[in-house]
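A, B, C and D are the chain letters, set down in written order, and residue numbers restart from 1 in every chain.
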Amino acid sequence: MELLKGLDIKLISDERLKGSKYQILISPEILRKVVSKFREEGYFLEDVMAMEFKECLHLLYRFNHFENPGTATVRVSIDKEPAEIETISDIYSGALWHEREVFEFFGITFKNHPDLKPLLLPAEDFEGHPLRKTEKDMKSIKDVFPMFFDETDQEEEQS
Amino acid sequence: MSGVEWTFIKIVIGMLLILGFIAFNAILLGYGERKISGFIQGRLGPYAVGPHGSLQMMVDMVKLMTKQIITPKKADGFLFWTAPILSFMSVPVLFMVIPFSPSFTVINSGLGIVIILAFSGLNVLALCIGGLGSNNKWSLLGAARAVSQFIAFEVPILLVVLSITLMTGTLSLSEIISKQGGFPWQWNIVLQPIAFVIMFVASLAEMNRVPFDLPEGESELTAGYSTEYGGMGFGLFVLAEYTHIVVASSVITTLFLGGWKGPVFSGIWWFLLKMYILCFIILWIRWAFPRVRFDQLLNLSWKYLIPAGIFNLLATALLVKLF
Amino acid sequence: MEFWKEDFYSLKFAEKKRDDTIIINIGPQHPATHGVLRVLAELYGEYIVRSECVLGYLHRMQEKMGEIKTYPQFYPNTGRLDYGHALAWNWAYVGAIEKLVGIEVPEKAEYIRVITTELNRIASHLLWWGVYILDLGAFTPVMYAFEDREILLDILQRITGSRLTYAYFRFGGVFQDIDSKFIEDTKKFCKRMHSRLNLYHEFVTENIIFKKRVEDVGIFTKDTITKYGATGPVARGSGIKYDVRKAEPYGVYDRFKFKIPVEDKCDCLARYMVRMKELEQSLSIVEQAIEGLPEGDFKNKKTPKMIKPPAGEVYFSVESARGKVGIYIVSDGGMNPYRVKLRSPTYSNLSLLDEVSKGMMLADYVATLGSLDLVIPEIDK
Amino acid sequence: MATITKEIKEILKGIKSLFVGMKITGKYMIKPKVTVNYPWKTVGKEALEGFRMVIQLVPVPANGKSHKCIACGMCARSCPSNCIKLDVKQTVEEIELPDGKKKKKVNKNLEGFYVDFSLCSVCGLCVEVCPTKTLTFSNYPYIVGTTRNDFVYNILEDFNKRYGKE
């Protein structure tokens, strides 16, 4: 990904991750820089989604380009307690709805999002976040996406 | 019995006949509208009640009458219920003046056109009151549209009527007809084609018929001013609308198509024939065109119909002066 | 007894209300919103000052159903997401699983999929065309459109078994083979449809009232499209040549010659013309597919009975009548998917309306809403 | 001057398009009607040929009287909206194997095959997953009921009624 040269990103290519041209794993701090780079390049925002694992909440931002098509997936992991991340709705105003949806399904608050209120679920008489996993079928990110952690980290865990 | 009682009895009989005529016409046009819309859209239209659905309108009338009378909450009861009555009240008076045939005119007054123009304005007052009184934002919008649409299209009708009276020199309808001959080329439509087009378009707009049915534009204002009406309130509005179609087409036939005069033996059947052909065309138009946007509607009147009306008026004045 | 309670959204919307405007609910039950979309609009006379869409009236939590049910069990849900073009969603889900598990689809099944999906696209565009003109006030075109659409639905019903919410595809092929009567009926339909399209153009496209209602109304600039991620005819109406069938080809679409209609006037008329030209393109695709229909079995015999894909993820996207449909599945090796994400095109197409509708007239707002070709179950998911 | 002529030309073209609209609707008035008048005439058998309605049991072609359902419950498990309920009478009997070993043989026979059609999404998974291919779709669409469990069909009983098992 030539346009993200300056930033410390981790390009992953693994045959188990099918369907998108680029898989980019980044840390939450540089999210806004990466997204505004995509914006200058003319990428359009396809959708924003989240997944829950034992250790972290995993966010996916998917971009695509009208002229040279191919999905670029930006993946961010944030920890669960202060589940919050900066909003990108001022760069991509399409993210307004996507972020509201992730907020009500997962409880991730998006910092300085203009009006963070439930989008699809009833606003007053509904508590809880439906897409959070119960203890029983919560998986660790290591067995679903082992390829994110190259071999060095795995030795540290085992030892 | 001196003349006065006789005219009084004539008026009462005339009024009863007219009410019967209005009721018959409302049923005929209601049934005709559904049948025409069915045939245009490749389906049969009402089929179940009576032979080929002919008694459908009777059943509808009974249904409308038996509906519960509901007044919306916080709506102005008096205004809400005077609107339908008012909209239907102005119509029988118009029929009194129209010369169906030499023997069938109730009042042969010298100011026929002026009466027609005066009373046809009452309907809009009713729409406005109905819209305001029913405490519903949609009907408020519908009422506002109805008022400005009526003002915009009253002026062209005045201009057309002025040019006709200028040409024929009288204000009474029966003389206008007598001035026109029996054969089509002797009618006023040949002498004033532009006036006929303006009159037709403007009266379409005044009846709130498609393509100008913005006050009750279903897909935008969810039935506009008649949103809150159910049962007989709505029934009266529909009745008034159908009778307005009949009134407008009969006015156009008297002014332009030579009223009861026909090529062979002229009589009331010629009048009815021309009128029902015009009603058929008006009903037909409803299923052929989309709806005009509101500012285009007003532009149509102020920018196109009124200048054309003025030009037509000047042209007739010039021609009258020359001949 | 105050049974009617001011609800959360209109209270928040009314905080910033100017004093000379009225707030109306182009409510969940309104003829112009096809389905249960509610729009809070602040009107100054006829002009909309600002508007906000309130969603969720048809929300069924499809994504949680995806996690509870096994892979084959979630499949009928995809037919209920966009009932206008259900086969596109079917293809997206089935394609995603085939890519994840690695099932091979025989030649004939791919052709059958192309034929039925393109026929379903024509039916969806016919539905849109009739109902769009109904929004603008004409009552007859919807009947003519449904006359053709009924013929098409009868053809599809013989093979797929249902008329609107299809469940015809299977992992590795289709449920049932097509026979000669289907092919003959489709040929007859395509021939008749060409002449019917001329009737549509004559009857509506040239009509001056329709033209005046639709020309330069609801302008979506290219920047708005990329900011909101709108795809499909809405994007192609603003000069963006992006169609998933050509951009990321799937199935056997690269064997057919068809053009992507693009207009660059960015208004409702441009989106209208894009869809009308797409009808012709779909007709030619169906005709080409029927000529080149190969022999072979309609379903891969060796599809595994139990779908238990290894840990991993897949993202598969398809071009539906409304835009780019994407299904993203993460599997953790179990019977049920770990996470299913449904990317629906009208969700993004509708999100740009809040910004674009400032200063619009109410009648233009209804025209723009119609030109977006919305299907609410796909938005509320 | 050019704009005025263009304006007038456009207006004339517009008016012509209005008359074209009237012509088309007028021609349609005379054309034969397209719709089927439902209560008096119905669509007919061949139009409903592939239509999917409640599932039904398929008679064994050999004797045309019995069906091949072995009450394994695969369809009930695979149904997304679990609207299939089987009640099965299990009888265990001792049978003597030729080499003298005792073996309990469990045979289940079907008492009732209930399908709640108000939940069914006609997806066809049960028809496909059935090992003995004994389920298929019926295509009679005019079903009507006043209560919810009017739509719970016992298709075993329909099968017996239709194919007259003793």
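Everything below uses one rule, namely that a contact is a pair of C-beta atoms (placed from the backbone, for glycine too) under 8 Å apart; a residue touches a chain by one contact, two chains touch by 3 or more.
If you're wondering where the values come from, they're calculated on a predicted model, not measured in any experiment.
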If you tally contacting C-beta pairs, which comes out ahead, B-D or A-C? Let me know. A-C
By C-alpha centres, the chain nearest the middle of everything shown is C
I'd like to verify one number: the distance from the centre of subunit A to the centre of subunit D, where each centre is the average of its C-alpha atoms, in whole angstrom. 42
Where the centres are mean C-alpha positions, what is the separation of subunit A from subunit C, in Å? 26
Just the number, please: Cα centre separation of subunit A and subunit B in whole Å. 64
Expressed in whole Å, how far the mean CA point of subunit B lies from that of subunit D is 53
Which residues belonging to subunit D are in contact with no fewer than two other chains? 18, 21, 24-25, 28, 34
Multi-partner residues in subunit C (2 or more other chains touched) are 140, 144, 147, 207, 209
Tell me, which residues of subunit B touch at least two other chains? 40-43, 287-289
If each protein chain is taken as a node and each touching pair as an edge, is the resulting graph a line, ring, star, complete or other? other
Per the touch rule above, enumerate the chain pairs that touch, sorted by label. A-C, B-C, B-D, C-D
Seen from subunit C, its contact residues with subunit D in the complex are 69, 72-77, 79-80, 140, 144, 147, 154, 157-162, 165, 167, 170, 175-176, 199, 202-203, 206-209, 211
Enumerate the contact residues on subunit D facing subunit C in the complex. 10, 13-15, 17-18, 20-21, 24-25, 28, 34, 47, 49-52, 78-80, 121-125, 128, 137
For the complex, which residues does subunit B have touching subunit C? 37, 40-43, 137-138, 140-141, 144, 210-211, 213, 217-222, 286-296
Going by the contact rule at the top, pick out the subunit C residues touching subunit B in the complex. 22, 24, 30-32, 43, 45-46, 133-140, 143-144, 147, 204, 207, 209-210, 212-213, 361-364, 366
Show me the residue ranges of subunit C that touch subunit A in the complex, using the header's touch definition. 7-9, 12, 55-56, 59, 61, 63-64, 67, 96, 99-100, 225-229, 231, 235, 240-242, 244, 247-248, 310-317, 324, 326, 328, 330, 332-334, 338-339, 341, 343, 347-348, 351-352, 355, 380-381
